[in-house]
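Contents: one structure, followed by commentary.
Chains here go by letter, A, B and C, matching the order in which they are written, and residues are numbered from 1 within each.
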Amino acid sequence: MRRFLDLADFSRDEILDVLTLAQRLQDHPEPQALAGKILGLVFLNPSLRTLASFQAGMAKLGGSSFVITPGQGTWQLETGMNATMDGAAAEHIREGIPVLASYCDALGVRAFADGKDLAADMNETLFRMIDELCDKPLINLESARGHPCQALADWRTLDQERVPRRAKFVLSWVYHPRALPLAVPAATLQMAAMRGMEVVVLRPDGFALPSELMARARAAAGMSGGEVSETADRGAALRGAHVVYAKEWGSTRHYGDADGDARLRAGLTDWCVRESWFDAAQPAARLMHCLPVRRNVAVADEVLDGTRAVVRREAFNRLVVQMAVLHRMLA
Amino acid sequence: MRRFLDLADFSRDEILDVLTLAQRLQDHPEPQALAGKILGLVFLNPSLRTLASFQAGMAKLGGSSFVITPGQGTWQLETGMNATMDGAAAEHIREGIPVLASYCDALGVRAFADGKDLAADMNETLFRMIDELCDKPLINLESARGHPCQALADWRTLDQERVPRRAKFVLSWVYHPRALPLAVPAATLQMAAMRGMEVVVLRPDGFALPSELMARARAAAGMSGGEVSETADRGAALRGAHVVYAKEWGSTRHYGDADGDARLRAGLTDWCVRESWFDAAQPAARLMHCLPVRRNVAVADEVLDGTRAVVRREAFNRLVVQMAVLHRMLA
Amino acid sequence: MRRFLDLADFSRDEILDVLTLAQRLQDHPEPQALAGKILGLVFLNPSLRTLASFQAGMAKLGGSSFVITPGQGTWQLETGMNATMDGAAAEHIREGIPVLASYCDALGVRAFADGKDLAADMNETLFRMIDELCDKPLINLESARGHPCQALADWRTLDQERVPRRAKFVLSWVYHPRALPLAVPAATLQMAAMRGMEVVVLRPDGFALPSELMARARAAAGMSGGEVSETADRGAALRGAHVVYAKEWGSTRHYGDADGDARLRAGLTDWCVRESWFDAAQPAARLMHCLPVRRNVAVADEVLDGTRAVVRREAFNRLVVQMAVLHRMLA
């Protein structure tokens, strides 16, 4: 494996293979598998789980890692093509990425959406550039449209929780004080569709996911025996749900327009998952969230501290599945 | 050992055992003792010695570590129970701590006092929460009321400097431009009392240490054959002193009241340790300080650059004793 | 080797020996050469290549490293002698450096020029202090007047590119929005002179390098069979050039005077290397730059993206030559 950029780049069977490898490495640790190997980690945006779990994962496999965080001890990196660099950024990714790649055996990069131009973000304009610049194995640590490590960890979590393949999976928009990127909803939608689930995207008016993401997921569902629909009707969506996957994202109607987005979300503060959301769900329905989660804003304490929440398991699974990806790339 | 949170949690003999192990690891290095083990380090507040010495210590024992610094490449962490998280913090320690703990074999956390409510800080409200959230071995890297790694390093330093057990140990308040936490004075007081020393807490009016700390130290002194007193009389305190341990801390009379504290300390800039402080002390009296120290504000160059100062030895001993703690926890 | 502070501290043969070792370690990796060894890295100024390549280099040799970045998770360090530390800095390098040195087997320190007093900076006032405070092997990661790791990497790059020893090497000032330090031009000048090249320093009026640097380079050229000259005539300088080494630096005429420097550089925005600069150069002339480089400000895209640019090779060579230095110091 030379690239781990998007779950959609792999077949369902390839994903299942990686999950099998993840389990094998859990059962039979290989503390020297990546001895002498070096992972470079570049964070153009903040991180907690990704930063810690990739460093820990490399160490558990006998390798090591270094971390570069532009703006934190390293200057800002410019990403615009043909930029006249007379502003804050002192270095261009056209130098930064290949140079860092030359120091390691694989590179992980986090680069969020620009958040201004929906088409450019959905086209992964920035990450495609990074991809071209990197001649070493490359891992997407979250890009404009993808977060495959999270999606893979969530898939494993669903399996561990014995959520049936054809169960009802509700990806629900939840409130956040400001617009957040589409990477996790995009990755989650694709993951659940590839797994073969009955996926319902629940979101208020103005927050529909881009039609190309919906179409891509529908195609994947067609291959896997799943189904994909969307609605703004919370009651209908939650009825019989096996899983509620809560996620914050920005308005696609007002993409890049902070004021328009703010006006629209101002009236949506009741989109905070409470126990009452599960009244008509399956009795043992799970609450999933990729973290970080704003308590009592996106999800209430009563849910996060109850038995439905599997968010810590999802987070731990980041470590487990990423070790499989690293093993596949570097062992 | 599953917890290293406060010297007061251990018996005198248990402490002596750890110090013996520290010496053994110095004499007979064990470069593979912690092979494959991972230490997670979380800094809610800045660090230099702790950050460097724990990473170096894990490496010297064959293990590895990762560092998370909320606010520096990682978002701020919320610590309030039942908080409605609509502010700057994107993640709660109720998720952050257990998730990070799941990535490592032991977790070290630095979380300073809130500095507003003395009772809450002296009760370790925050660190008790962290303690409950962490199901892996946990090390206190400095909390509201404790800094056991520093206290242990200082104990070893006193032994190495051949300071007699029953020597006069003066814990002296010194000037600082603003209020600092009580963690180091609390830990130092307890350490010297447990070691069996004649402890004098020297502090200006308004800076008395909390009575529960004094009572706890008196109880420890009762067990170890030591003694604990306090005074604002500098001349009396320093007379015959074997050790002057300089430390800055905030006014307990005006705890949480920056203006009140500032008014009180404005007249105390002469509480900067100078050579003249030692005129009536033992001829070979030592100057100790946990570092960082503001030169010519808390301690004068003439003292720090002279032969009394053992501050570098104290700092080096951080590495040595922490390796023993890690070994006890993880080997 | 206990110190790697300046190429000028070594003979030409000693440098060639280190370059030979670098090649040997490339051809025959020694993944356990520095097992158990720890490198401490202290960055008083930002870094990308140095931070990543030293961590990667230690890992490739079996050792490990820790990073301290004052101001980023660690408080600011005071550097002034006899300072009354009532400002932002909480710790003095007089404590910080020896303490950090005590935690590792070798220390690397980056400490840029103060930029106010040319004589003090050219005298390496700060780095000499650091040198005295460090009782472990010490590596200069860029100081006021030196960047020996970069110079060594550049020497190797010239060899690999088969640039003849006596070729014409033009160190050319290029535009930057504000004054940058003299460390890289100083180190590059000395390196090219020691290598035996025909060195031309091309710079606009007001940007002449300090006479002591020029004299030092001339002396080195005398030993190596090279030559050193300077000019403001771009056409003359570039005629027949084998190498153009582009670098930004501040006005020496207005050193420490930001306004004077700004007025002088305002008219110099055409000092951006374009393909036309090479019209009268050798057909295969190379463009070198230490990075980071501001595209279309210091060097145009057409040059950086063309075949002349060897900047990525220079950056990769940082890793290679630094491993040789570490090996020489610690193996």
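Simple rule for what comes next: a contact is a pair of C-beta atoms (placed from the backbone, for glycine too) under 8 Å apart; a residue touches a chain by one contact, two chains touch by 3 or more.
On a predicted model such as this, the values are computed, not experimentally measured, just so you know.
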Chain connectivity with chain B absent, coordinates unchanged: one piece
Same or different residue numbers at the chain A/chain B copy interface, by half rule: different
CA centroid of chain A to CA centroid of chain B, Å: 40
Contacts with 2+ other chains: residues of chain A: 64, 72
Sites on chain A touched by chain B in the complex: 31, 43, 46-49, 51-53, 55-56, 59-60, 64, 67, 69, 72, 177, 291-297, 301, 304-305, 311-312, 315-316, 319
Touching residues (chain side chain A, partner chain C) in the complex: 35-36, 38, 40, 64, 66, 68, 70, 72-75, 78, 82-86, 90-92, 94-96, 98-100, 102-104
